[in-house]
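Shared between the two complexes below is subunit A, which pairs with subunit B and subunit C, respectively.
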Partner chain A sequence: MTKEPIEDALTAQAAAPAKKTVQMPVGVPGYTLAEETRSVPATEPPVWPINKDLKYVGQPIERYDGLLKACGRARYTADVQLPGMLYAKFVNATVPHAKVVSIDTSAAEKYPGVKGVHVIQHVLGNAQLRNPALDPAKYPVVRYAGQPMAAIAATTPYAAEEAAALVKVKYDTMPFVVDDVKARDPDAPNVFPGAADEAGSAGGGGGPHGVAQTGNIHGPSIHKRGDSEQGFKDADVVVEGHYVTQVQTHSALETHGVVADWKPDLLTVYASTQGTSGVREELAGFFKIPLTNVRVITEYMGGGFGAKFGAGNPGVVAAALSKKTGAPVRLMLDRQEEHLSVGNRPSSDQVLRIGAKKDGTLTAIHLIAYGTAGCGTGAGCAGPAQNLYQAASLHTEENDVFINAGPASAMRAPGHPQGAFALEQTMDDLAVKLNMEPIDLRDKADTHPVRRVERQIVRESELWKSRNPVAGADQGPVKRGIGLAQSVWYRFVSMGSNAEVRIHKDGSLEVFSGVQDIGSGIRTVMAQILAEQFGVPPSQIAVKVGDTNYPEGPQSGGSVTTLSLTPVVRDAAWQASQKFLADIAPALGTTAGDLVLVDGEVRSHSGKVAPISFKRAASKMTTSQIAVQAKRIPDYDPKKYLTYGGVDVAEVEVDTEAGRIHVRRVLSVHDCGRPMNPAQTISQINGGIIQGISFTLLENRLLDPKYGVMVNPDLEQYKIVGSREIPEIDVRLVEAYLGQSSTDASGIGEAAGVVSIGAAVANAVYNATGVRIRHTPMTPAVVLAALRAQGKKMA
Partner chain B sequence: MPDPRESIPASPPALTTDSGKSGISRRGFLKGAGLTAAGTALLDGVQGFTSEARAQSPHGVTEFGPGAIPVRLHVNGAEHTVEIEPRTTLAEALRIHLGMTGTKVVCDRGVCSGCTVWLDKMPVNSCMTLAIDAIGHHVTTIEGLSTEEKIHPLQAAFVKHDAMQCGFCTPGMVMTCAALLERNPHPSEHDVRHAVSGNLCRCGTYPKVFAATLDAAGTLRNA
Partner chain C sequence: MNSFSIADCTTVDAALSQLKDDAVVKAGGVDLLDRMKDGIEQPTRLVNIRNVAELRGIRETDQGMTLGPLTTLAEISDYAHIREHYQILADACGHAATPHIRNMATVGGNLLQRVQCWYYRSADFQCFRHGKDLCFAFEGLNQYHAIMEYGTCPSVAPSSAAVALLGLGATVELTSAKRGKRTLGIRELYIVPDANPTKFTVIEPDELITAILVPKPAPGTRSAYQKYGEKESFDWAIADAGVVLEMEGDICKRAVITMGAASPVVRRSAQAEAALAGKPINEETARAAGKLAVEGATPLSMNAYKLDLFPVAVYRTVLLAAGKMNRDPSAAG
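Entry: the complex of A and B
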């Protein structure tokens, strides 16, 4: 089909927008800073210098909404109360695997206070059969204990809970499996009667579609580079290890949930979510209504860590109940449901082999990995093996193993803490075998220019210098050790990032985006960017986020938010400032080209106009407001600087009699492009380290093999580190300019230590004791067993 | 003002639990039990409890509930009357009935301290405290720590040190740390760690909570 001429013209215009050539800072100040040339759209703002030459951006500006949070005035979804609001409660499956014969809600319907009952016809989150005809049941098959089946809406939380207990579900139970090793046995009960793949709303955590499936094993998904057989032949030394990591739950303090208010023309949903736009899309799709009829609001949300994408079962069920009852419906999960049904970090069971030359050159990396994402997929953990080092050859196989447990979802650097736990310990094993220092081996095997700088900072640190290279050298039962590990994450750009900047005639400034604050502080960063542009303190900027009525914002997953949105905010602010100068120039008796906005003042190049404050200049606007909306443009050089990361060092004390590991100190050296706000960035890195230590030492979702239920779905038996286990954390933030956007920011959420700290702790334990622990969580029982297995007679 | 006695059922229905699923749980019992004469020390705060009502009791003991009864609570310096079932926790009374949602409910069983409020300056888990047990006590919530005129130095220090991320644990953290500063103006970092050892933060903001609390202690000492 021939194209219309007008279409050709549009295509040509789109393909070749006006460009300009700019010089950008690239590299690490004090180490590798240089300039690189970029060709960028002519509408882009001038290149920013490095942080030390900026006034607001790159400074530890106080959190924009800090006082609201500290004073309990920040409104979370759990806090929303609407007039006439009903409280909803799920009825959950009590068995791990069953066909549902009947669901009798008659007693619940008659219970005082009950206003609506909803029976779930289509459960979200579980993997879906490629051939749905294999499950011809009326109700969704129960694939895990805790799967939502129905829900009650009532006038009080008590009435909803009591009525939910009156719903009678008749099950036709089936054999089940909750052990991910047993599930791999050809004779194990099958979780699905045929091949199944992750459904659409996995929030980036799902596994590949369409791969082979045998029994419960969904995979392998194979990734190859070069010839690994030859790579091992070429090796002087080969090391291999078997590593096992457990399932971790996100355990965000605010549970999943929504308040849904269905009106004929507009469904308004307050959601605890990492993506207002994703919730909107899923609801519009589920109810077959236009996007414009759904508004999603997230003023504040109490943590997500990857699990809060899409409307999910709570979102669609609350909306359905609101539609039925004509009243707003609040459906917040309880703590048990939060553990069972809305995501977790998959387990891993990895055999990793590395071949190397005597000088440390890697010839081959070979990984066979299994893991369970419950009745979902997404247990792949080969990211670090594929991307941290540049071996001559690579072969990875990732397999999902279905079990009768709640589906996984993305969790902070999906797959990477597991993968790095194996990779970075194996690298240390290799260093021992090659009689090399672990940091020297990494210098040889890792060519990333920023991590090279980060290792240099580690080398020069007091902590690393205090390391005894001889493993297990300490006398006495409590042994001290130091280890390091490296982290890798990726530059993902969310092109669905939009923002609007408005200048008002009274000199006030507003910035809008649908983006939500998940705790990383995006409001602060947006205010800093406008402050830098207009010379107004950040606290005076009105930042409006978390509402789909605003221009669509990125969904906050994969460390995309700051990276994707900040250039958009800067572009909108810059373009608005240019429109503003053009608008007021005639009133000032000059031309736009003569004016410049610097440090909160409008100044004239020619000297024709005396400098006037921005506020006074705004009063000369010919309209009541100037508004500019901008969208994300692609990275300036999308082929370059695709990964970033860091190096973490842990100092541990191992009590070889009690088996207890105490992490005393952590040195965390990380990069994230241009750090927009070091205070907030360091907060995130502290958090990554602490969550990672918690994963490494304590957390464990325990499933009862006899009954197929989780035995610790709470916060007392599901152990998370607390204040007394927190090490002294020394974060060194490395500015690493990449020349990629008008702000040149990257993300930090995933790379922030959570990837590497587990392996760093394990390497430190080896350094302390001479014993390698390849199993998480490293509880006292695991530590003592490992010490015993290696025949270490303790003092 | 209507006669509050009208809301007290003459013949209360049988005790109920909050969940029929697995019999009576420890907490279900706590929340489900009506107010009996065992709680007579508290009855002064239950409006309308008079000798007349006592005499009318059909069971020989005084019972209120499980229906709603009017209860007088003293919160952040003001008197509030709420119509609540006796099983209502203090957290529920504050959040649902008084709209004071600064207090957060996280674990709902007393292990995370997200719901910390003060009873007469003693930090308690409001999810494990019945509202009727707060009768006669001065309840302070996160909303009441600062005044219109003056931000509490600890809240200011939390902002200065960025001692928060998602912010959901923050009200509980602040109430716990502020209580520490009330009883110990010279805390060490060890003291702060000990004080917040029951406060769970999933974002991992502890190092800055320690720094903010020590900083605020200095500010308060010099005030």
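Entry: the complex of A and C
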């Protein structure tokens, strides 16, 4: 058999990766599209044209598993039923700060149906003391009400719950603080007896390590560019504002949880997770067993938003109980536990100052930020201030404030909704002071080429054109206003992204990756890529994901999944197709170079061979299957196009008597490289807008200041938008080619609206009323107080 | 939640005979099961009356209308005669909670649901209403709490139906196996916290609501109810108002103004009513009534905004009842 070029290239790569030069589309079609040159590994597939010239990729293909989900046939973790399975229930701390004197489980052990009891020795998630000797306790110190202490496994969930109530914990209580402003007071009770740091997760979260700590203040973490003192001296105008945002919990529909099945040589864990590989690593590490002895499965996942990385306390405890009892153990959290112990979006308290020249050139951005991530860290929110605008000088200080509350975790664009809430309102303030249109000011201060296009789209929209530039112009108690805000997010690549493509002799196609589909639709996109490569409809591709038995996939945090994994899938599909053509060419009496795969057919350039269907061609394979595994190669030009974002416009009605803000319409203009499946991308953005409005207007984790206990740990008094609060959302996807990979996809989950919508709403409220609201959530109480303070209340 | 036994009854007599040994009545179960799941009550015996057919349904009579206590909120708000003649009741039942809950929730259970207060409803806090000797709301988080007539407990009256039925002058028929029947006005059904903190209504453990009697409105009556929440989808009221106006031409002969989320027990505002009696209904008189509705209120540390909100709820609902304003988009649900 003659060696085909692809084979040559594959062999050559092993020695010194051969390169080829390609021309790639870069920019926004209709606005800035041009070609750029990239030098890429010779094994890379041909460059794809822009979406309009592709058949399956870039099309709004229906969700691969949509029907299963709509019919309730998709199996989520809580649906997993194993023979002999036990149900576990946590025993949680009832006080916010205490040393634990004793934990008496004897009554619980005797309760009918109870099969196992586990007392937690290492609690996960909380920040850890740099010097652990400062806490020489037998049991983990309680740092918040709701911290898991022990767990019971029983034959029914009811028995587990009733037995859990029989566990007697003796506390030696300590003074506590749950108010993040009071916690900054030097006299406030200390949450930790010394400096402590929190490890982040794959999804971000966690704060800087090793920074100074004074009392409960962990920080500052300082970031400087240029001379900010000089920057303010150079300014013609300076604006400053104090912004406060609340703690939000992730509140995914599906709570955290696992079903763990410990067998002597294999621990199988069904997990609701954003990272099968991370759960596997944490369990292997915790129990000191080889990775090969742990298998993690996530068939379907009901939402994570950043809080579901690693095994966490539920995973470790369920595995320990399964090991002890010899039976599979299910441990799903209830809604209260979900609010308390598995993460949240930290609060923020920011003083932001911006200096500018008369023409809108920014001379200085200065941010002092505090925020609480409970007994964890990660409340930094300077990302937007650091990365959205290029001011001549920049000074940001971020501080974590410890309080006796559950540790934060990454949450959809960590720090950014908070940071943008302050930054984009301050920019709006600045525009007023400069007597400039807010959109013109952004044109001046923001050099990002794609956002420039996005602003152009906004300018041309009916919605923006209908904006009255005069704030508070409407007569009557209900006032309409329109505002905009911008977002920024980053291009992160997960190099731990692998996939395998198999072609079978019957013409069926399979693609495998350990990646989990957390609802954003990677299954569908993987099918689309194979469909594009082999010319068969996506519905005919078998997609196997969410299992660590498959090649390791990326963990879904930082908006990495689609952009990291799709080039791998395409590379594997392409290389498999080349192997396939090489394999069948002799049987067809030609060479691989003469064959192409188009529209589900194998065709010959030379015309020597009449077109035959892919299925018939497959029957000519000399082996039963052709399998190719690929891994992520670095971005083609990793120094370029590091951020992306969008522009969101909100139209609100403010009832100035009732204090109600009603968001009527949202225009959301966003880029994410090549949108692989616009329907799914738009769905992500809709979700981001909705979650962002919910944060801006309603959600609030409320802790009683005197008792340190959450008063609204449900979904009734912890208020989340319902159907009536959801505006008409008009998403305009901007194709923004970057020339970075064989699919040129980017991420969208975090840039998607959630960063900017809060500030857009607040700017719209200002436009409606002439009053700026610098607090979230903007409930009627907050709105009425703000209107009253500025004498703008009607009646 | 604790384990319990449940007796399923299909007749009033059977249900009454089961009401002993601390048994608790379950109608739709929306409120009762919430209390059990929140761990604030542990009844071991439940009597399910949900399938007592004779207690369900709406009957039009010469005197007005009789509601079976098991009639659901959805059935009431969908009933054409009620929509036509008792708008306030259709509004209240049709805007409470969610469509799903309105299909489960009975009007009898709605009247008898316990007060709203997150301290009272949390097993982590044991307050006056649980027989202990303190209230957590005064010094705690009280943004949704009462602004008037609260005494030792600033919880709020939860029932939208009560705000409407008080406005309509309805009465409730109670039946016990031993003592027979008695009839009470809506207001008399409730016990203010200072009188007896742990007993929320006058109903005895062996008693059932067996009917709700709504008198026929006087000619010229117009009515409406509106509920304001923090959000429009299934939120509890932070302010609400029921309005019944007896009109003679342009003049309001008699007005009834009722409020729920202002106090632990549903109330009428005599001051607001007086501001309308004998006057034409217009924005000026409606706003005057609204202001008077919160006269004498003493808000807590976090709920002064209700002093703004209740007057708005009242004036807009007065205008809505009078046909001088559309339903308020800011009123939830």
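One rule holds for everything that comes next: the second predicted complex is superposed on the first by the 772 of 795 C-alpha atoms of A that agree within 3 Å, B and C clash if a C-alpha of one lies under 4 Å from a C-alpha of the other, contacts with A are read in each partner's own complex, and residues count from 1 in each chain.
Here, a residue touches a chain if its C-beta (ideal position, glycine included) is under 8 Å from a C-beta of that chain, and two chains touch if they have at least 3 such contacts.
Predicted, not measured: the structure shown is a model, and the values here were computed from it.
By the touch criterion defined above, A:S251 reaches subunit B but does not reach subunit C. Shared-chain residue A:E161: touches subunit B and subunit C both.
Of the two partner chains, subunit B and subunit C are each touched by A:R724.
Once chain A of one complex is fitted onto chain A of the other, the partner contacts of A:Y707 are limited to subunit C, with no touch recorded for subunit B. In the superposition on chain A, A:D135 makes contact with neither subunit B nor subunit C.
Comparing subunit B with subunit C, the partner in contact with more residues of subunit A is B. Applying the stated contact rule after C-alpha superposition, one finds that A:S683 touches subunit B and leaves subunit C untouched.
By the touch criterion defined above, A:G72 reaches subunit B but does not reach subunit C.
Shared contact residues of subunit A, touching subunit B in one structure and subunit C in the other: 158, 161-162, 716, 722-724. Residue ranges of subunit A in contact with subunit C, taken from their complex: 94, 145, 158, 161-162, 478, 653, 655, 657-660, 662, 697-698, 702, 704-707, 709, 711-712, 716-717, 719, 721-725, 779-781, 784-785, 788, 793, 795.
Of all residues in subunit B, those touching subunit A in their complex are 16, 18-21, 85, 87, 92, 95-96, 99-109, 111-112, 114, 141-143, 145-146, 151, 155-156, 158-160, 162-171, 174, 192-194, 196-210. Interface residues of subunit C, counted against subunit A in their complex, comprise 1-3, 118-119, 122, 124-125, 136, 139-141, 143-144, 228, 230-236, 238, 287, 302-303, 305, 308-309, 311-313, 328-330, 332-333. Residue ranges of subunit A in contact with subunit B, taken from their complex: 60, 62-63, 65-67, 69-76, 78-79, 81, 157-158, 161-162, 165-166, 250-254, 300-303, 305, 334-335, 518-521, 679-680, 682-684, 686-691, 714-716, 720, 722-724, 726, 728-729.
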